[in-house]
Structures are given as C-alpha cells and as structure tokens.
C-alpha cells in the first residue's frame, strides 16, 4: 500500500467508519469526515515535497512517480496501476484540498448528515482515483463510481429542483461514459501488450502506437473511437452543446458540492482528453484540433454572454465556469508549449477560483436564502469583510494580474495566437465581456444603496473565512510565483505535445 | 402405398387448424383443444418419419411420450381452468385482462 | 454408455428424485403447524444435490443413457447454478409459505427438471425436460388459488406455454424428419454430412427458437412474461426470472452449437446450415432489450417493472450469443450468476417489504431510505447493479457481454446495447429516487426481522464482492466450456 | 540603483498590505503608514534623479531582471528598465503621489473608510511606479490592469452612490476595450519577436523580424491601449464620470499619473511606430485635444471642466508622440502632471469649502457647481493664487512650465506639417492652436466664475473659508513646480526648454523602424523645426492671450451677454453641453445591444440547446404519466426530450400487452413469420 493509494482510499476509510457510527453522534461524524479528508490532503502535500520535478511521465512507466503496479484480474488483464506525473499531480493535490475545504464548508448541512459525509468521502476517493489511475479499467471504475455519490448528494441535499438536476446529471454523464466503455474495450482488444503479447488495459501501452494492430491503425476507426471518447469527456467539461446539465446541477447542488462539481469534475473532462485521447490518438487530436479550438472559443464567449444575462448569482457563476473552461480547450487545441501549459494551469487556477466563487455564493445564500442578484445591493456596507473577500474572488475571475487566472489566460492567448490568430482575437474579446458581467454583478450585489432588508445581516463568520482565505492566498501566491506549478507540469506537457505529429 | 408427403400435408393442416383454434376460440377449453391438435400433428409427423426415414423407432417413442405429456398438460390446464371458473364463473379468455400493459 | 453404468453419473438427479418421494411421505406425516419442516428438508435435499452436482465438475465429458443425456462441466455449471437458485427461492419463500408444504416439493421437481434441461442431448429429452419444468411452473404461478391475478397468470401461462411447446415439438419433428435422428450429435453429423435444403431446416429452426424463446422470454415470444410475473407469487416470479431462464439459455446454447453450428477451432464455431443465425440473433437481441427497457419505463407496479427488466436482460445476454464463440458463452454464463444474485436481491426486497408497505406499487417505496436504510441501500445497490454501474457485479457482467461482441467488431450492436443501458437507468433510478429523494416528513421506521436482514446480506454481499473481485468465477465459467471441443 | 528602485516600488505595496488588513486598528487608521511609505519613495526617487543629473548622460540606462515564467520554449523575465525617461517620470509620480497623500489627510478627514482610502492610494502608487519602471511589455500590461483596478476602486470609493459605482464600472470596462487592443498587440509582438523585453523588441524590430503591415498593426493596437487609458476619443467617455471619485484621486490618477500612462507607453514604444501608425496616433490625439476643449467650454461642474481639459491636454501629448515631437510630448506630460494635479487639488479645496458650508447652512446642492460660487478670492487666498498660477501654466503663458512644453508641442506639429508634402497635415497644428485659445478661455471662465465677481449665493459664501495647511501646502509646492525655470536649469531663458537639463537628458530614441528598409520614415529637417518653433511660439502666445481676453469679455466685464450669445449658437451650445451625446450613443448602441444579445443567447440556451421545447412539450402533453418526475419540468432538457420520446415509445410499445392471451399468441405467431421473412430475404 503506497502513499498514493493511501491518499486515494483514506477518505473512503473514513466513510466506512462513519457508517458504523449512530447518526445521533453528529459531531463525531463531522470530526471523522474532517480528519480523513484532511489526512488525504496531508498525504498529497507530503507527496508534493517528495515530488521530483523533471520526471516526464505521460507514456513511460519509469517516468511516473509513486507508482503502484499490481495484478487485479489477471484473466482479463486488469491491473491496479496508479501513479502521478506533472499532468495529474496538481489535480490530485487540488482534489484533496477542495475535498477538505468542502467538508468544512458543509459543516452545517441540514439533514441526514451521516449519509452526506459518508457519500462525500466516497466521492473524494473516487475523484482522486480518477486522477491517479493509469489502468483504463481502473480509471473507468473510478470515473463511474463518482456518479453515484454525486447523484445522491445533489438529489437529497440539493435545492428545490434537485431531483431533476440530479437525474439529468446522472443520465448525461452516464451516456458519456458508456461510450467511453466501448472505446475502452475496443482498445483492449486491439492493443497488444508488448511484454506478454496479450490484450491490455494499461494506458501506457495503449499510448505506444507500435502496440496498435492494423485495424486500430485505420484512420476512420481511430476517428470514430476518438469521437466517442471525446463526447464522453466533452459532457464532463462541459463543451458547448453538452453543457446544459451544468447550470441545473450547479444551481441545485448544495454549496460544497457545487464547489466540487466546478472545482474538480469539470477538470476531469479536459484531464481525460489530455491523459487519454491525446496520447492514444495523437493524429486524430491533430486532425480535429481546429474544431476543438472553435469549441473552446464558443465556450468562452457563449458562457460569458449567457452568464451576463443571468439573474441567479449561482447560475451566473456556473456559466462563468463554462466560459473559463473554454480557455482550457483553446489552450489544449494548439499543441504549443505556452498553450497547453496555460490550459493545465487554468485547470488548476479555475479549480481554486470557481471554488471561491461558489463558496461566496453559499455564504450569502445561507444568510439571505435567495440568490437573486437584483435582490441584494449595498451589501459592502453591512458585510465589509465578505465584500472584500468576494471582490478578491471576482477580480480573480476576471483575470486580474497577480492572480492565477491572469497567468493562465495570458499563456493560453500567447500559445493560441501563434496558431489561430483570428480565433484568438475573437476569444480575447471575451476579456471585455467577462469584465462586464463580473463588475456588473459586483455592483448589483455589493455596491449602491444598502438594501434595507439586509441592514442587520451578519458578516462572514470564521468558518466560512477559513474556507475562503486559503484559496485566496493560493490564487495570489501562484499568481505572483507560478513556478512551482509550471515547473511541475511543463516537463510532462512539453513532452506530450511532442507526441502530436 | 401412401407417400410420406400426404402424411406431412395432413399433419401440416392439423397444425394450422390447431393454431387457428388457439387464436379464435374464446373458451379456454377450446384453446386447450387447439393445443391438443398441434401435439397430435406433431405425433403424426414423428410416426410418419419414423416409418419412412428412421431405421430405428425413435419417432414412435417420441410420439408415445408426447401423448403422455399432452395428457398431463391437459390435466394441469383443466385444473387451472376450473380454478378460474370458480373465481369468475366463466372460462372466456377474452375477459381475462386483469393485468395488461 | 449403457444405462446401468450411467447411473453412477446420475447421482444428483437420482438423489433429488428419491428425496422428492421421501419428502412427500414425510410431509403427509407432519402436523399442520409443522409443515415448515418440509421446507427445511427441501433445502437440505437441494443442498446435497448441489454438492453432488458440484462433485461432478471435473468429470470428463460423458454421454449417458445411450446418449440421451450428456454430462459435462457446462451442464454441471448450470446444474449448480439452478440448484443455487432453488435454494435461494426456498429461503425467499419461507416467510410467506409456512403451511403450504407442497409448494416446496413442486420446487424440487422443477429443480430436477432444470437439471435435465441443462444436460439433455436428445430431442425427446428436450421435450420431456421442458414440459417437466413448464407444467410445474404453471402450477406454481397459480399457487395463490384465491388470488384473481394469480389464477389469470397461471392460465395465461399454461395456454401460452402449451402452445409454444407444441410449436417447438412440431419443429423437432421436422428436424427428425430431415436427419432421421433424435440424438443431437447424430443430428449434427447428419446435417454437416449432407447439405439439406435450407427452407425446412429454417422453418424447423424458427419453430424451435419460438419454443426456447418462450422459455427464456425472448421477444417476440415474451408476451406472457409481464402478466405472469405480476400475477405469480413474488418468490415464483423471482424464480421464473432466474432458474428456468438459466436452464433455457443453457439449452438454447446447446441447441445452437450442436444443431445449428459445430466447433471449428478451439474457441469458435461454424454453422452447419446456411442461415444468418448471428444476424437473426442480433436483431432479436436488440428488439428484446429495447422493448424490455422502454416497456419498463413508467411502470407503476414494481414486479411488472422487474418483469420487463428481466426481458431486457435476456436481450443483453443474447447479444453475446451472436458471436458464436466461447468468449460469448462465458460472458453469458458469468452474467447469469451475477443476474441471479441481483435479481433475487431485488425480488427479496419486494417480497420482504410488501407486507410493510402494503402495496407492490413503486410509489409505496416513498422515503424507504429513511424508514429502513439497510433495505433501501441494498435495493439501490441491486438497481444500480442491474443498470450496470461499477463497482457492482452487474457492471462486470455487462463488461464481459460487451467485450465479447466488441471483440468481433459488432459495434452497432454494442452501441445499441449501451444506449439501452442508459435507458434502463431511468426506471431503476426512479426506484432509488422514490426511496431516497422523496422524503415525507413523518418517518415511520420499519422494523425488519433478523431473518430478512440476514438473507438480504447474503444476497447483497455477492453483488458487492463480484464487483471488485470476480477472477475465480470467470475462470470457472471459462473452464466449463471446454467440453464443446472434447469430442 | 536597482535596489533603490525596488524600494521605491515595493514600499507602497507593503503599506497597502498592512493597511488593508489591520489599518482600522492602527493609530490614525494607518494613514501615516501610506504617507510615510510614499514619502520615503519620494525621497529615494529624488536621490535617483540626483544621480541621473550628476551623470548627465542622455543614454543612461540600468537594467536587471529575474526569470518569472520558464516553459523551456517560452521564457518571461521580469525586471526593471531605468533610463532617464523612467527616472524622471518615477520622480514626477512619486512627487505628485506624495503631495496628494499629504493633501488627502486633510481632505478625507473623518471618512468612514479612511484607512481603505489610503490603502488604495498605496496600491495605486505601487502599480503606477511598477508600470513606468518595468522592462517588458507583459509586466507593463499587468501593472496597466492593476492601475485600472485601483482607479475602479477609487472612483467607486463612495460606492453607496449609484453614480459612483456606475462610473467605476464604466471606467474599467471602457479601459478593457482599449486593453483588448493592447493584448492583441502584445500577442503580435510575442508571436513574432518571442519576447516582451523592450530592448529585445527594439533589436528585433531593427532586424525586421517584425515589419510591414504587422508592425503598423502592432503599433496601432498597442496605441489602442493608450487610447483607453489616456481617455482619447472615442474611449474618452469614462474620464469625466471618473470625477465621481474623491478629488485627490482625480488629481493623482485622473490628471497627473495614470491617464498619462498611455502617453508613457507611446513614448516607450515610439521606436516601433511606423509612419502610418504615427499618423493615426497624431490625428487621434489632435482631434481629441480640440474635441474635448470644445466640451469643456460649456460645463458648469468645476471638476468636469478640468476633466475635459485633461483629456484635451492628453490629446496634445499623444499628438506630440504622433508627430515626432517626442521630447515636447513627454515634457508636457511632466509639467502637466504638476499643474493639473494642482488645479484638481485647488478645485478640491474649493469643493471642500463648499461642502462644509453646505453642511453648515443645510443647503442641498452640488458643491462642484460653479453657478453657486464666485468671489472666493478674498476667502481663500492661497487657493486662489495657486489656482491662477496653474491656470496660467495650463493656458501656456510665458514664465510658466506649461508654456515651455505646450508651445514645444505646437511647434512640433507645425514643423511636422511643414515637412510633409501633403497640405492636409496642417490640420494637426490647426487642432492644436484652436484648442489653445479655447483652453485659455475656459480656464479663465472657470477662474472668473469661481474666484471673481460677486458671490452668487450669499448664504453659502458666508461660511466659505480657506482649507487647512495640510491641504494648501501641497498646492504651493505644486505651484512652485509649475514655474518655468525648474525645467530649464541651467539656462534661464523663458523662451524655451532648449539647453535645460530636461531636453538634455531626454532625446528622441532612434526609430528602430528607420533602420529597416522600405518604410516611410518621419524626418524633419533642422531649419524647418527651428522656423516652426519660432512661429509656433508667437502664435500660441497670441492665441492664449486672446482666449483669456475673450473670457474676460464674456464673464468679467460682461461686454458680451452670455445668454444671448448662447441663444444665437444654440445647437452648437447644446451639442457641446451634452458632450456631443457620446454617452447616449454608446448607451443606445453598445450597452443595450450587448444586453439584448445576452438575453437572446440566454433564451437560446434555455429553450433551444436545452431541449427543443415544442418537441418535449408535445411529447409530455401526450405521454406525461411518470408522476411528476420528468414531466413537471417541460421547458428544458434535451435529456427530457429524449426521455419523453423514450417514454412515449415505451407507452406505445406496451399497448401490445393487451392482456388478451390470444393476442399474445397471435403476436408470437406473427413474430415467428416476421423472423422467417427477415432471414429469407
């Protein structure tokens, strides 16, 4: 049992323990949830200190770190194969961080706390598992296991339309993943394990084009497989036509879950594309890159415009995520060092920033019990600290220099411009729109005359501050000094783009 | 000497008659009779084939067994129909739509 | 092998027959309130038969009683499986049928019939075995004499069953006529030997498919299923959806690989006669699963819903038939076991909850997640497992089915299959939604007796365990097909 | 030197951090922190300037940088680039900033968010200093955004006033429009040159790595950023509204420093402007200078007048950059920073007085409104004197700094026009000179209305009194800095800056473009320049005096009745008074257009992408029986659509389960036939 496995399964261990605690012992349950999510964070942080920058990863097992490689179902060539590289580790760490913060954020969850925290910890494990697994079957299992707790967490503890949102999320993502299942099996049968000569689920073997058999080398086959895989991931991202589950899910989910949804789950789509689609089908990735770029631009602008039109604060933030994920797509689609590094950096940064935004929405919702943007106004008077933190988050969202978002977007633009000039210029138009809706929102919520309803509204409390401040510090720290992340990811990503013909 | 074909034709006719009986009789017992017709057409086939093709007598054996089975089947069926009749005072199958869709 | 020597290989069946007779006599001696003992005895009997059958596992391929019956690991696998299903059913039934001892005896007889079904090697035996299972099933379906639905179910069942058996027999008669044999191997030789004109062969084939299809509830011979499943007593519904079906599938496979095709290489088969059996089966599979799924949507009665879902699952399994190779058959055999556990689980929940909820309507399960969490969670697991979502056994089963067809590049079929999986999520998740998401304010906790909980765990654990570690079972299933090439 | 600069730069940041976090709890709410920090920076900058003066070397340059982002392929270093230009402007910024800090102690006294105000000021100083010192465009862009956000925060400082909040938002967004261009410009540079470093770019452009239309485009796009920041037409609309902010802010950010950033940028990038680019720059600037001036005439809000004058002065500088009068333009930047800051602080002290007296008398009204003032001369002597000095400087009267720089610019434009074959270019000097008259006119209109004549509102007038020392001393300091000789030492001729340290240290950089072939290069022969300068000086003096004279005729001696006059030119007056309806225009087109567009997209998203409404509605109407699970929520969901379709299908399929056993058997039979047919074909 290596450290990675520990980090992965530590939360679910907590979940098991919680199951055996009577649901009356509320505080105990919470403490356990806290401890175990924190434990996972501690482990991953320790791993970071142990992390060797400069190891590449991607498609070479010897280049991965903290690898664990055991047989699971030999008859079906399924292995328990986990490890991290520059692409996955930031995500792993982010997951464990947000997992912990989300537990704190859901401290006062109203009903059935026992089930809530158990499910949440299960979710935590599943998410980390997705990022660390290097065996496709394992990856798929974690990927699917994620859906169940998510379904319940939205469906039971969500808002008024929770049942609808939950099932919608479930169906959408399941539809995506079953296609992935087929592709996985197709690869299993058509990729040859160079060692044993048998079939294999090992992603790294799948990435070696030499292991592909003649059928799998046919262009049309590769294209369709890539497409099926892409749809699976696109739904998670979500890429433009598949995004409609997102507003519902985000709006109905409880705060902590929205944080996880936007902070981690959306990243899985792009992570999957980078981890699986690109290395396995580099030629198709190249072939379809322009389409991906266009989709990215659509996401950026479309998300921003629609966000501007929202009157529900949470919906606005949700659509802003659509817009921000567009940058990731644009960056990915160009295969330039700046672009792809920017994309992954954006994944990390958006994870933090959007988490802050949703937490902020949660804070106000807990007090005002509604999210109508126009229903507020002048809150900066009655809740100055909250206003301060919130504006920090919102500025981060509009890409203010000195915060992670700015660097990520700048890198994406730099990377993309040298390849797709016009597209990049169109995308850059997004910064104006973003500024518009962010500032407009800030004004309608915090500035202007104080809405008399909220004269006595309490300012943000310590616990909420505790969830927000670390994230705020992170955005600023990595915004000023991005090297720790960039050095980690650049080695892997610069190698990844060399795979693209 | 009668040809095999004639047996086959007869049995086919009986078979079809049986099917139609099953389809168009409203009375459960009637339907049962249809089933019997089918089984007998089967028997006819087996015996004919046994006579004309087979070097052994497997066909006849099968026929005998089928007769037995038909009997037991009929017995059970009639029991059930009786039970039905006790409940509804009718054996009209078209009235049996307690469960549908 | 001649009849006398065959007996030593016939132990399970002999024991079963003996115990049936004994139990009948014992039963007569029991007082009214002691009848339950019969149930215990029956369990004991099937258990012994189970082990006897299992002991036969490593026997080499042998054909018994002048070739009327073959004994091979494939047969043993299904014997064990069916025996297991009977045991579970008896356990499920015990709380409900405390004084109707004949019920258990009937079950034993069905078990015997199923044993025969999976090892027959002769047209005659096929008919006998199927009738044996069939007739008793009719009785069992109508076991609640005074329940209108039960009666109607059994009547529909008997008429439908009789008709299709007749049709099948008619088909057999033609096969006999074409080949001059009743022994399957002999038939195979005959067909492979000389080229027969396809039409009669084909009509015969279709008629046989109709008969077998009725047994395994395959579209378009499935019509009886929903009504019978809804009307029959819940344990019987559960039983019909697993035991006889498994036997039927075993028989179907045996028929396909002897009469329709014969072994080509170590793992594949080629057809004896020029029919597009694979394509035909593929179409039937698609129709079956799709029709089953879409009909299950929006069902109010949970048993009926499960009935339709049972049809859908037959469709899934048939997908793997089309590839005509061991991989496919292995997948089916594996899936059958998985399906047994999750399906029995679901039905057991229905059976044990109905008295508490007072209705078989899905809406009655409202808030169950808070009234008795364990049951609800278990039910959720069964539902998700039926949907085929990891980490539950159902997912693994599906993976193998899909793997089998993907290996042969049946992609269209595979896509339709997974889409069906997604559709099925609607109605399975609907149950979950009702249990957990619809939460009425005052929560009347349900107290479930220990017996129910234990049985629930016994059904739950395999579903969970097989979801994460299924190596041994798949190996078992795989090794059980060796015989096809033995001779 | 670098260390020095770093201190100058980072001290305000430290002050900001401390103030924003614990400022409230500090004694005096931590204003001393900010003031102290900027004070030290001020002194240090003086030391730096002193060193430069000691060197007295036109090509003085110190650089130092550290790696910041390193992706192997792409390397971004961050560092400082200190040449005379930078040092001088750093000094100017720190000076004004320091004075404004001091002034604010008095002006902002008793404000609830006192500490936050100073925190913001510090943050601004930090970003502004960074902007002028950094050695790469990327860094400049970052600081560019930061000063933007600072101005957003400070304009909206009185955020409970909707007008203030709106103004802040408007300022930031309009700037973003400019930055959009800036960003694209940056991308062109990085994608061709591969680096943001100024020196690297200089070489690259020299080697023709970046050339031709792309170079022009890059120049113009980068200029777009300047247009936004320096409030040039058509993006000038935000600056007047920005006057909603506290007056010290207007003085520091919206008169002296931030708005000049655009000019600074143009100065920095002067070497890479092609001739066409320069023309664009020149005309935008020239037009703006006149355009804004004409608006300033009719405004009654004292600060708005100054705002428009700022815009017009910035127009001058930009124009100067465009016509190659590089030194003059930059010179005007510095002098203007001093006297315009002074003007704002002066007006601030007037408003301060108005405000207090209004509070005393309980009269409600706009303290900025000239029509409430008049005759303040006696009440506020210091303010009055300094104010007059600043105005003279602005109007370009000899012996004041403004005269030197301004007429240098006008001379420059004239020279440019003369050197060009195409007579159309005489437009530029025309813009300049006309603007000069108007400037003088409206400045004195302002002075007369405020300080001379008899008070228009007696009751208010009673309580008007001079502002505290802490406010007047900065005014005097600035007044002193508006005297000509500061900039001409060692020479003391009031005629022009020639021979002064300033013109010695600053000289126009060699255009990198010039070294490339095939580019039309701007060249102005010596004699033309001289001739132009002489004429320019004469004309501008005459024009300035004419302007002042007119002002007196209109408002002091009242020889011409203003009312009648305005009646006669009503349409023009209206046009000017309403700022040429620019705001209304934007509101009508851009803003509402955008909002409408958003609504459309949102509708699209809800109804089209998210479920073909009619389809699902229809299906649900017919087949909604899944008790309140899906069907409740008709109006969205491709998912719902599919779902309902499937349900519908299921419903219809299940129709065949009639419950009639015979139908079942029939179905089976038909099915069998179907199968037979299926495989027979």
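Order of writing sets the chain letters: A, B, C and D. Residues in each chain are counted from 1.
Simple rule for what comes next: a residue touches a chain if its C-beta (ideal position, glycine included) is under 8 Å from a C-beta of that chain, and two chains touch if they have at least 3 such contacts.
If you're wondering where the values come from, they're calculated on a predicted model, not measured in any experiment.
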{"item": "Innermost chain, where centres are averages of C-alpha coordinates", "value": "A"}
{"item": "Pair with more cross-chain C-beta pairs in contact, given A-C and B-D", "value": "A-C"}
{"item": "Centre-to-centre distance between chain C and chain A (centres being mean Cα positions), rounded to whole Å", "value": "43"}
{"item": "Whole-Å gap separating chain B and chain D, where each centre is the average of the chain's CA atoms", "value": "97"}
{"item": "Gap in Å, rounded to a whole number, between the CA centres of chain D and chain A", "value": "37"}
{"item": "Between chain A and chain B, centroid-to-centroid distance (C-alpha), Å", "value": "66"}
{"item": "Numbers and ranges of chain D residues touching at least 2 other chains", "value": "629, 643, 654, 657, 659, 661, 665"}
{"item": "Numbers and ranges of chain B residues touching at least 2 other chains", "value": "19, 22, 31, 93, 96, 98-100"}
{"item": "Chain A residues counted as touching two or more neighbouring chains", "value": "163, 167, 171"}
{"item": "Which chain pairs touch, all of them", "value": "A-C, A-D, B-C, B-D, C-D"}
{"item": "Chain B - residues contacting chain D, complex", "value": "19, 22-24, 31, 93-94, 96-101"}
{"item": "Residue numbers on chain A that touch chain C, as the complex places them", "value": "72-76, 112, 115, 140-141, 144-145, 147-148, 151-152, 155-156, 162-163, 166-167, 170-171, 174-175, 178-179, 181-182, 185-186, 188-189, 215"}
{"item": "For the chain B and chain C complex, residues of the former touching the latter", "value": "8, 11, 15, 18-19, 22, 28, 31-32, 34-35, 38-39, 41-42, 45-46, 48-49, 53-55, 58-59, 61-62, 65-66, 69, 72-73, 76-77, 80-81, 83-84, 87-88, 93, 96, 98-100"}
{"item": "Chain C partner contacts - residues on chain D that touch it in the complex", "value": "625-627, 629, 643, 646-647, 649-651, 653-654, 656-657, 659, 661, 663-665, 667-668, 670-672, 674-676, 678-680"}
{"item": "Residue ranges of chain C in contact with chain A within the complex", "value": "370, 373, 384, 389-391, 395, 399, 402-403, 406-407, 409, 411, 414-415, 418-419, 421-422, 425-426, 429, 433, 436-439, 469-471, 474-475, 478"}
